[in-house]
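Shared between the two complexes below is subunit A, which has subunit B as its partner in the first and subunit C in the second.
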Partner chain A sequence: MTIHLSIVLFLPLAAGLVGAALGARLVRWVVLAGTVLVLAYALVILVDFDAGSAGLQYVTDDEWISELGIRYELGVDGLNLFMIVLTAVAWVPCTLVACFREHERPRLFFFNVALAETAVLGAFMAQDLALFIVFFDLMLVPFYFLIGGWGQGDRVRATTKFVIYTLAGSLLMLAGAVALGVLSTPDGGQISFSLAELEQRSVSEGTQQWIVLLFALAFFVKAPLFPLHGWVPDTYRSTPIVVLALLSGVLSKVGVYGFLRIVLPVMPEGSQHWQELFIIVAVFSILYGSVLAFSQDNVRLVVAYSSIAQLGFIVLGIFALDDKGAQGAVFQMLNHGLVVVPLFLIIGVIALRANGSESVARLGGMAFRAPVLAALFLLVTFATLAMPGSANFVGELLVLFGAFEDKLVYGLVASVGVVLAGVYMIRVFQRTMHNREGPPVESRDVGGLDLAAIAPLVAVIVALGVYPHFVVERTEAATVQKIEQARAFGGEQEARAPGGQRTSLPPPGDEP
Partner chain B sequence: MSATSYGWLVLAFPLAGLFVTSFGWRVLPGRLPGWLASAAIGLAFLASIGALVQLQDLPAEERSVVDSAWTYVGTAGVGADLAILVDPLSVFMCLVVSGVSFLIHVYSVAYMASDRGYARYFAYLNYFVFSMLLLVLAANFVLLIVGWAFVGAASYLLISFWYRRTTATYAGIKAFVMNVIGDVGLLIAAFLLLNETGSLGYAGVFEGAEDAFTRNDGTLVAACLLILVGAFAKSAQLPLHTWLPDAMEGPTPVSALIHAATMVTAGVYLIARTHPLFELAPTAADIGAIIGALTLFFAATVALAVTDLKRIIAYSTISQIGYMVLGVSVAAYGAGLFHLMTHAFFKALLFMGAGSVIGAMAGLQDIDRMGGFRRAMPFTFVTFTAGALALAAFPLTAGFFSKDEILAFTINRGGWYWALAIVGYVAAGLTAFYAFRMVFRVFYGDPVPEARELEEGHLAHGEPQNPMSGEPEDADVGFPGPEHHIAERSWPMKAAMGPLALLALVAGVVQIPGVTDVIEHFLEPTFEDSRFHDTAPTEGSELIGLVVGGLLAIAAIAVAFTVYLRRPGTADRLRERFAGVHAFLFNKWYFDELYDAVFVRPTATAGSFGRRVVETDFVQGFIVGGATGLVRAGTSFARAIQTGYLRAYALLLLLGLAGLALYFLIASS
Partner chain C sequence: MILPLADVPAPEIDYRELSPIMATVGGSIVVLMVGLLRSPFARRTLVPALTAVTLLAAIGLTIWIWEPGDREPIIVRALAMDTLTLGVSILFFVSGLVTIVLSLRSDAPREAGHGEYYSLLLGTITGMVVLAGAENLITLFVGLELLSIPLYVLCATELRRRTSLESGLKYLIIGSVGSATLLYGLALIYGAAGSTQFSGIETAIGERVGLSDPLLLTGIALAATGLAFKASVAPFHQWTPDVYQGAPTPITAFMAVATKAAAFAVFLRLFDSTLGLSQLQWAPALAALATATIVIGNVGAIAQRSLKRLLAWSGVAQAGYLLAGVVVASELGLRATAFYLAVYLLMNAAAFAVVVARERVSEHGDDLASLELLGRTQPWLAWPMTIAMLSLAGFPATAGFIGKFYLIDASVAGDYTWLGIVIVVGSVVSLVYYLRVVAVMWMGRYEVELPGLPRRRVKPVAGWSPEADARAQPEVAAVAIVFAAATIAFGLAPDPLFDAARDVGTALSNLR
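Right after this comes the complex of A and B.
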């Protein structure tokens, strides 16, 4: 059968529109059905995907705004295959849980949930820089409404901070993208934003350097990485938990994915120039996120800061500019999403049993009457702290091996983060599930609905732990190709031979 | 069936047991989960025997078979299969692990009978045995690390099994974190080896190491030291030992299984497994030997002073593993592993006996409160004494042959290894002393009320409270069960302790120097490449070592007899006279306090500094404040005409214009 990416891309949006038209009672089921269909389609893609090929598959390539050289170009390769699958997998349980909670204005709520899925899928599928930015910024709209409209606590402040902060980042990226498109246009040529085309064109090294920095600011804010995570605490506190699961599990990957899809292959010299700086930011994020996760009282914020550390690992793997590291990073992008979604769903279940409290100081003893919940939480905890035997361990191993290769010292410092992850994750498990019951805790086991949402995710985590090769063999070809492109250092423009064939030279030594 | 098929079966049975007990926790009635779990381990033991038989059928040089199930991970030059290695060393370990585990499962069926977490307990226990067998059967470093971490996780779960005790959950975290430190050490070592040899499989690494490294190559020494970090974290050697005494918070059979007989000896197995690397890096091996010697002495001294029955045995375990580490580090592989086996027998037995006594004391563990249980608990008394004799290396017991072989080997290495051997002998004397300190304090003397009650036919039931913190407890899930069990009244406990007592007394006969040497010969194919065959002690020197060791043991037991029975009160007088020394030992050389000051508090301080200062002032104040401040200033004109959320859109417009302006600026230049 022929696979059309546009179908899967716009299916959630269509479901959202139809559902909103059908009314407040039906909208949730229509949107849920949409997410299930997307998942089914994503699984078809996964089965059909040709693992050996590094090139794009299922390409859709149409003219869109030809005056500006912007094309409607979608495609799947090893880099985004599992990001698409992750998006499809994550949306189903989160929507399912949302279906059984009461929301004011359900039509708007579920429409935004559906729109968000389309936006995220679009950002992952886009093979045109302008299209990527359109979807990247489109992601902000539904989340703006979801946090602002259905959040808790000081949601206005949180929303403002979130929007302004990430918008500032993405506008910098927009400026960078425009400059990249224009400056890379050869004399008399037609401007283009197609990534494949941009990879062939060249921009001077100095220009690349500041454009990379603009992109990096946007992606680091989105990820988030230290010290650009200022929006995180307020946003995480205020966001409704199912939305937060998507925000933290899936959206955070778009930024780091952008490094692999856009920054490394299009601007290799610029990427290499900042390699050392980005690695330092990554390592600092690992340590800072871990130490802060260790000292947080709010369960959500523990996961928030642990995500900063985990994304630090991913960026470390990418900017190690090594096959192993990048493979680890791509794998970790999937793994982190797969653990964070059930983690937040479980936190949601916990909060329901503790009168809304999410403070570890006041929780405890839940395993007492909720052994199934505790068992699920335990498995997710082990995967989150990347215990050997989990897929997260394989990802982290590859990241660290990649970092050790050329940047041994940074790798060694980062491995401290592995130990700290053990501390803060086990601490959260112990403080919520073990010890005596805290004052607000009313221990009762996970219900059928939450079980239906969480258990399949846990099953996927376990399955990937048993057979991680399933993922890495599919991501390898594309990832290695991107790293090859980034490593091929063209100090002079001429070194970049046409046709993407660049000479393979070792990366420069220690640049500041 | 081939040897590897049996190898897979060894793994499959405990895994099946794990699934049955964990998914059937609600439907399996009564003690059935315990019996099913025990059966799973019993079958694993039979499969180990099957592997042994198949292996012995092969010619000696072919007794190393690898079988791969599927590619675990294979990308970008990092390759590891889900593969097992069946050779004499792994089969030996499988036999010891599954055999002792089976007996401890049977013991637990009775010991844990009244616990509300019965099925959960056996699920964890089966998970542990599966992990341990995976660890010893793994054919490459990746799978080794997986097994390594799994046993750590199982250990965590079992230490905090009574999870509503804060002391137990705290001890669990401590053990887990120490183990993760070891995992990271192994991970880095695996990278260094992969980088130089291009392989992660044992065979590939050992072959590649011959070509890649010269003797004492810096990278190799680093890799070996990192392996030692992993080994020492798991085997509770200095300075990574502090978790083990606290791990006694777990149920007593857990202490017997994990923190005495099996998991803690994984470090010894690892050094033996990677011996080709250590022989190429003698510096690392020497460091291992020195730390082993220091640990065995340190722990023996602490065992003299602490009063918690289980913690005495825990420090004894640390000390005995020190002997094993010393042994495998000086290339006495056969002897080290032999001691691993005998120690598994007598130490599991001592813990089981201690569990029985603790049951009689209604959960109390302080030996100052115990005494005179000899008549009340004859079976426990006899078996415990058998274990203590073996621990003390009393002539002709199992511990006698194994420990002294290690020391004889150490002496024969010559040079400064002598000093290590002397430390070993001194500690051997201390060992015999504290072993009988336990026997004399617990079973002799005037019967305490609990012992008297037992003689009259009642089993004491104390107030349910945490013996460590004195907190009151109930007897629901997450706390110890309401009933206490003693070997005298539970046949499964007897059935487990009896065979172990027998083994503790007579298992030495398989390895009498110059007479049987069964273990040595069996393990020969694994260690035939050793470069230290010529430093192996002669039969004569081994016999001399045996005599010296035997005399030491008898003398030390006599001293203990004098101190505790003939002249009671001597111990108190000594304690008063050497109060400083006693405090030093009683506080375990102040390691916990040291770590608290060096690691725990700085991390906590850094965390709270980060939270209070960096987050508030820098991230929120400077960066966010700066960014939003800029935005606010820039949008003030927009706010004059627009209100509320719309300012965000104004910002978008503004920055979009800025971007375009930037573009024209650049394009025109």
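Right after this comes the complex of A and C.
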């Protein structure tokens, strides 16, 4: 029982409240200080983390709403360790960049930024299903205000669409979660939403199937994956770039993380039942996202659709239900976040030098006067397209290994996505950095502030490319355990089925 | 011939348990008399003050006689002052207090006479308490009429406004149809069971009367219809938007909360407890009504510009959610319904307070446009409204989320999982209009594709200066802030409400 996670969790919110109380001039620095402290704390946890253990560490477990069986239960293991670190890492540069931009009503803006960090951290830390949903939904509130209040274009429409899409999924998940909690309660027992408890209890296979479907709906919308990505274009166009970096880099991971944390261990039969469907969705997302990324003119949308493809890879890795695939997925979750955040920050820098234009057709020729910017962009581009030597390469390779193991055909189709990623990312890089200078472009190199925000992220990307083992060794134990849990049922069934046939006669009248 | 008096046994009356009703009746008479005094001080200050004192005294007495458990009804078993009655009574009293505060600067009491206005308010509250506690078909009908008749008058108290008169007349006609239907239903139930006592009916069902006795079933259907009129359950909800819009806004706030609570108290007592044995017969029908109500209410609200109409439609939808707690006929359902009624009071009081405040000073009246950019000009009104809307929509960290969670919990536990999913789907649809209100306040002009309303002349409360107007009604803003704060507080720490709900749950001992 420790208080460390609670401190990390509520530090940003506290900073936001204090900042908002202190006034419009100070609020940004207080919130920035909060994010830096969170990062420091998260790094301490990362160093202190016991890599060999698959169990939860730094557990906080308290009663919250006893009547409904909801507990305030937080914990860290290999699955969410790097998600927490990613959140802490991503918030610092984004807040930093935001600090030096002018915002109307800064108190509300920075309070929302801080609240968003608390909500995302909470979703990653929660070890109670209901608590997870609380934070999952709470995330929407700050983003609703951030997009609607400080976005561009048709922002109100965009933010409404975003919230309705996401909440439609997550409210259905809420219904599924309540059903899971109630139906798994043994006679006379106390209802519980604690994940550890739910893993012990069980519900019938038929129930699991539809509950898994509700959860998948929520997570696929959030990710976003192919048929449920309708909110993406509007939202990505309207969101302020700093917020978009967080939205795309960190928020999208909450959904896929939910599969590993909740769906696989708690509802193994249901997960196996839909495995094929989810893999097909993932493969479709890879192809669809890659093709659309190639045909977009807006740089943001290129990244948006490439994210759909990347998240398709992650879901493929998870539902290959294979140790390697899941490890690759967990690794890719981190990598994608680390790549997308600087990518959007760079797009913001580029837009500043092109009179606000983010159209591929109108950009170009920036590299000549901005070599540092071009170099940073190139490194990030290589990481995104999973160049050998980058961490993303390792991640995607693991995912594909996992897929080849069991689902060879899907794996082969998915690997086309790797090639396509190269095509669309290099296209963006060429069209913005090289070629003839576009009409609105006034190139100058990256400034000290933006460099301070982007360069450390790029350094982390490079470092992970050199030494991916740092992540893999810490995530391995927990990931393998979750996959084991998901496969345990199927293994038992397979083992049981032939044995049963041999020893006992089939019951008469059972066959039509 | 004169009856020998000694042969008529005087009923024994437990004055202790009757005390809250005696307080409101007595207060009603005193207030009416004081209202006859000449001095403006007596009429404008003393009358509301005495009304408030009466209600506070009633709250105090209610807490004094609060005792969990299935209580023996008092006055020849006609009235049960159990925790269910007392629990909803507190809601009536609190919403009465809110109405007093909101009415202080209204036209309605001035035009109709202060004494009459507040006396009628206390009269209708008395009717509600009697209705909620009725243990006898006769008491039930007396309570219903005592509730309805003063309310018809109160709706028409803005004598110089045509819509207010229209609202009163409409409510009178439709309310009478509802009462007549209910009366007919009660008569048939009496005919089938041979007793007006709830306990007598309960023992008769299953013993002397078959569960599918046509007389009984017709009676139940008609009684449900009559109550559905009062609770504005679709398809008997058509009066709601018109009456809500036309009535003086403080009265609308009162109707929205208190009338609904009273009607649901009867639903719970009559259906879940007395007719509980035939639950299998009536539950599917009520579940269908709940579904229709949720769909119709939420879809109806989407097209509204008038905030009062919007809240009316949203109230219809919320009645559908509440009905889910009745359908399952379990102790959990009873608790969840009671809990949600309390939460509903908090959210609606905050929302209506803001509507009252804006309606008095804005040239747009209660149109959505009256809230435009409220976040910048009057954040102390915008925040409560935002919280109320998010809570009505069921966002976490608000009491509305917990309430919905509880209702879904009860539905699933009562084998009505699909009804839980209907609640969730309804909530998703409701986002469209709740978020629109939030967007208008914080994100500027929101184009709603509806014809614009003609501007109206207002009689500002503090001259013609918008700044002075904004600060002219601190008591209304205080109501909004207090109830919004309570919405958040009970969203984070709902245990006190759960304790009360658990007490209420003990009131009907024969539930599952």
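By definition in this document, the second predicted complex is superposed on the first by the 486 of 512 C-alpha atoms of A that agree within 3 Å, B and C clash if a C-alpha of one lies under 4 Å from a C-alpha of the other, contacts with A are read in each partner's own complex, and residues count from 1 in each chain.
Methods note: a contact is a pair of C-beta atoms (placed from the backbone, for glycine too) under 8 Å apart; a residue touches a chain by one contact, two chains touch by 3 or more.
Everything numeric here is computed off the predicted structure, so don't read it as measured data.
In the superposition on chain A, A:148 contacts both subunit B and subunit C. Contacts of A:426 after superposition: subunit B is touched, whereas subunit C is not reached.
Residue contacts after overlaying the shared chain place A:231 against subunit B, while subunit C stays out of touching range. In the superposed pair of complexes, A:389 makes contact with subunit B only, with no contact to subunit C.
Once chain A of one complex is fitted onto chain A of the other, the partner contacts of A:182 extend to both subunit B and subunit C. In the superposition on chain A, contact of A:371 is made with subunit B only, not with subunit C. When both complexes are overlaid on chain A, the residue A:66 reaches subunit C alone and has no touch with subunit B. In the overlay built on the shared chain, the residue A:476 is in contact with subunit B alone; subunit C does not reach it.
After overlaying the two complexes on the shared chain, residue contacts for A:460 are found with neither subunit B nor subunit C. Residue by residue along subunit A, subunit B and subunit C are tallied for touches, and B comes out ahead. On subunit A, the patch touched by subunit B and the patch touched by subunit C overlap at residues 144, 148, 159-160, 163-164, 167-168, 171-172, 174-175, 178-179, 182-183. Every residue of subunit A that touches subunit C in the complex is listed here, in rising order: 65-68, 105, 108, 130, 133-135, 137-138, 140-141, 144-145, 148-149, 155-156, 159-160, 163-164, 167-168, 171-172, 174-175, 178-179, 181-183, 191. Across the complex, subunit B is touched by residues 144, 148, 159-161, 163-165, 167-168, 171-172, 174-175, 178-179, 182-183, 226-231, 233, 288, 291-292, 294-296, 322-324, 326-327, 365, 367-369, 371, 375, 378, 382, 385, 387-389, 393-394, 397-398, 400-402, 404-405, 412, 415, 418-420, 422-423, 426-427, 430, 433-436, 467-469, 472-473, 475-476, 480 of subunit A.
Chain contact summary for the complex, subunit B toward subunit A: residues 22, 25, 70-78, 120, 142, 145-146, 148-150, 153, 156-157, 160, 163-164, 166, 169, 172-173, 176-177, 180-181, 183-184, 187-188, 191, 194-195, 476-478, 603-604, 606-608, 610-611, 614-615, 618-620, 623-624, 627-628, 631, 645, 648, 651-652, 655-656, 658-660, 662-663, 666-667. Taken together, the subunit C residues at the contact with subunit A in this complex read 375-376, 390, 394-397, 401-402, 405-406, 408-409, 412-413, 417, 420-421, 423-425, 427-428, 431-432, 435-436, 438-439, 442-444, 446, 494-495, 498, 501-502.
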